[in-house]
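Per-chain numbering from 1; labels A, B, C and D assigned in written order.
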């Protein structure tokens, strides 16, 4: 109960602050649009072509590997909290889990998915 | 959770879910989903699933949706032409959805009171929803499922790397 | 119910005021600090009547007013909603994340017990990680909604960097959680209250030195500051993902940077340096091991603890400013190499060793 | 204080699930279809959490844990497939991926 209230109150307060900041800037700032202002900034050169190009697949690979290991880390939190009560059983349990995923890490490492050039 | 709070969360939840389906640009669609997931996390929190709420944000909003956004940006999809639906596809889909909604909704609203249990209305024991209670279940009763999960993740990572890697010609 | 809401609101206001002031002060510290390191005067107009110390006040007041009255330029051909949303989703989670760190012990006011922590959740550590993991959206959206290839490059670089170091950060956090057996910040701070042998405070740094390094480095990488400032690399991609931002929205991105510094400092302080704990200060006052003691009223004790927390946080903020201005920037491949091939295995090894030691010690 | 019965959560879950299903049926963009599937998974999560609260058992929350894991694995592989499809056919439109159609 208390937990929910504190979370909701803080959300509302901080959200309100952010909204006020944005709307104040919108209200107080001048608005004079010129064609040159709306152009993308490319160090003074006129921008050429669309800004949205395709990106190397490397970034995507990073995100994909991150997802898998993020889930792994997520499983570690409850385990860490209960570690004292689980004892050796918990340790063995997690060791198996980590070993299996360790193979995953070795695989992506060996396949060069972590290499950047 | 009081009805006021419930509707305060449920109405935007439905609106943003519709946004996922109806938005023209994939980026807006993805962001609607992020907001919907965040609202769901708040709902989980209010339902005493605090750990699940945090994990919902960490895993879904912080990892999975980032990957979605990456792919949308990576493939530069925002100039996608208007989608072509086959004739009658929308009608059929709409009819099926309505029928499904009607029957499942009826079950949800009418079929549940016979279920045993004290109901959401009652207060829960303080330990309910705590990390210890969750971990205790996860690492003892569901230990096998937990271990199998690691294999699932291993397979997923191998599969994803194989699929996404550049094909050597 | 109403009192609960009021207390929560007051605490949240305190934290927000704290973090806003800290951001302003840090902006000034950074300018003056960098000038000091580079042997310049720096920010020389930010003085009042020639007194440079007053420049701080000037920075705190004049900067926001100036930013507010600047034009908010939105480039042509962008999604205007997303362009406006990006700084908001950047600042919001950062400020909420700061609110979950406790800034003092319980304060007793008559019958009332106020837990000096704006967001009191029993899964505080996870809550903080959840909020910081949302920070990546500000970067991605800012880069994408700018119609500028430099912004997009900065955004993609930034998000890949943030998610890479999030793993190492998570592993560092798990090691700490393993040591204290709790996800509650207050609990973690309380566990650091006693003295080892009566003399040495049992702060986390003694138990988890490697996790401290991991968390600090990953934290600096998450804030995207030098030596990890590739997303904003001035010499190549102008200003990274906020190149196309001006006025208050620029300030919001700027503030997010400083709030993130504050979060890293707060987390490091809480996990490894005792949070609000002061050595030898108990609930009744100071009790020194050489026999002296000094009784203090409850309010004074609590205020001292709050002050200690703020001082510790500020020291670590200054440390990060110092790091920024004394380290050369990494190359992107080095950055990724460091995150994935050094930090991640180190974090895993630290975790396994910690678990083994714990099993051995606790039987 | 009045509270909301479990059936309302169940109905909300059904509603979200239907919206997700509608998205899969109507949209032809593979990525959006995929996001609709994620929405369906989350509708189920909501029902799990609500019933866990009703039955006062943690098993429902543990199930959500596993659903999330599966969703993560699914997203990784699924998006890799979309990427592979896009590489070969330059499209993410489900109707144009018809190499195996009769």
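In this section, contacts are C-beta pairs under 8 Å (C-beta built on N, C-alpha and C of every residue); 3 or more make two chains touch, one makes a residue touch a chain.
Predicted model only: the values in this text are computed from it and were never measured.
Averaging the CA coordinates per chain and comparing them to the mean over all protein CA atoms picks out A as nearest.
Per-chain CA centroids place chain C at a distance of 34 Å from chain D.
Inter-chain spacing, taken between the CA centroids of chain A and chain D, is 21 Å. Distance from the chain A centre to the chain C centre is 16 Å, each centre being the mean of its Cα atoms. In whole angstrom, the spacing between the mean C-alpha positions of chain B and chain D is 6. Of all residues in chain D, those that touch two or more other chains are 68-69, 72-73, 75-76, 79-80, 83. Counting partner chains per residue, chain B has residues 50-51, 55, 58-59, 62-64, 66-67, 70-71, 73-75, 131, 134, 136, 138, 149, 153, 156-157, 160-161, 164 touching two or more of them. Among all residues of chain A, those that touch two or more other chains are 3, 7, 11, 52-53, 55, 57, 59-60, 63-68, 70-71, 74-75, 77, 81. Touching chain pairs in this entry, ordered by label, are A-B, A-C, A-D, B-C, B-D. Taken in their complex, chain A has these residues touching chain B: 3-4, 7-8, 11, 52-55, 57, 59-61, 63-68, 70-72, 74-75, 77-79, 81-82, 85-86, 90, 93, 96-97, 100-101, 103-104, 107-108, 111, 113.
Of all residues in chain D, those touching chain A in their complex are 68-69, 72-73, 75-76, 79-80, 83. By the touch criterion given at the top, residues 79, 82, 85, 121-123, 126-127, 129-131, 133-134, 136-137, 140-141, 144, 152, 156, 159, 163, 166, 183 of chain C touch chain B in their complex.
Looking at the complex, you find that chain C touches chain A at residues 4-5, 8-9, 11-13, 15-16, 67-77, 84, 87-88, 91-92, 95-96, 99, 118-122, 125-126, 144, 146-152, 156, 159-160, 163-164, 166-167, 170-171, 174, 177-178, 181-183, 238, 243-244, 247-249, 251-252, 332-333, 336-337, 340-341, 344, 348, 351-352, 355-356, 358-359, 362.
Listed in rising order, the residues of chain A touching chain D in the complex are 57, 60, 64, 67-68, 70-71, 74-75.
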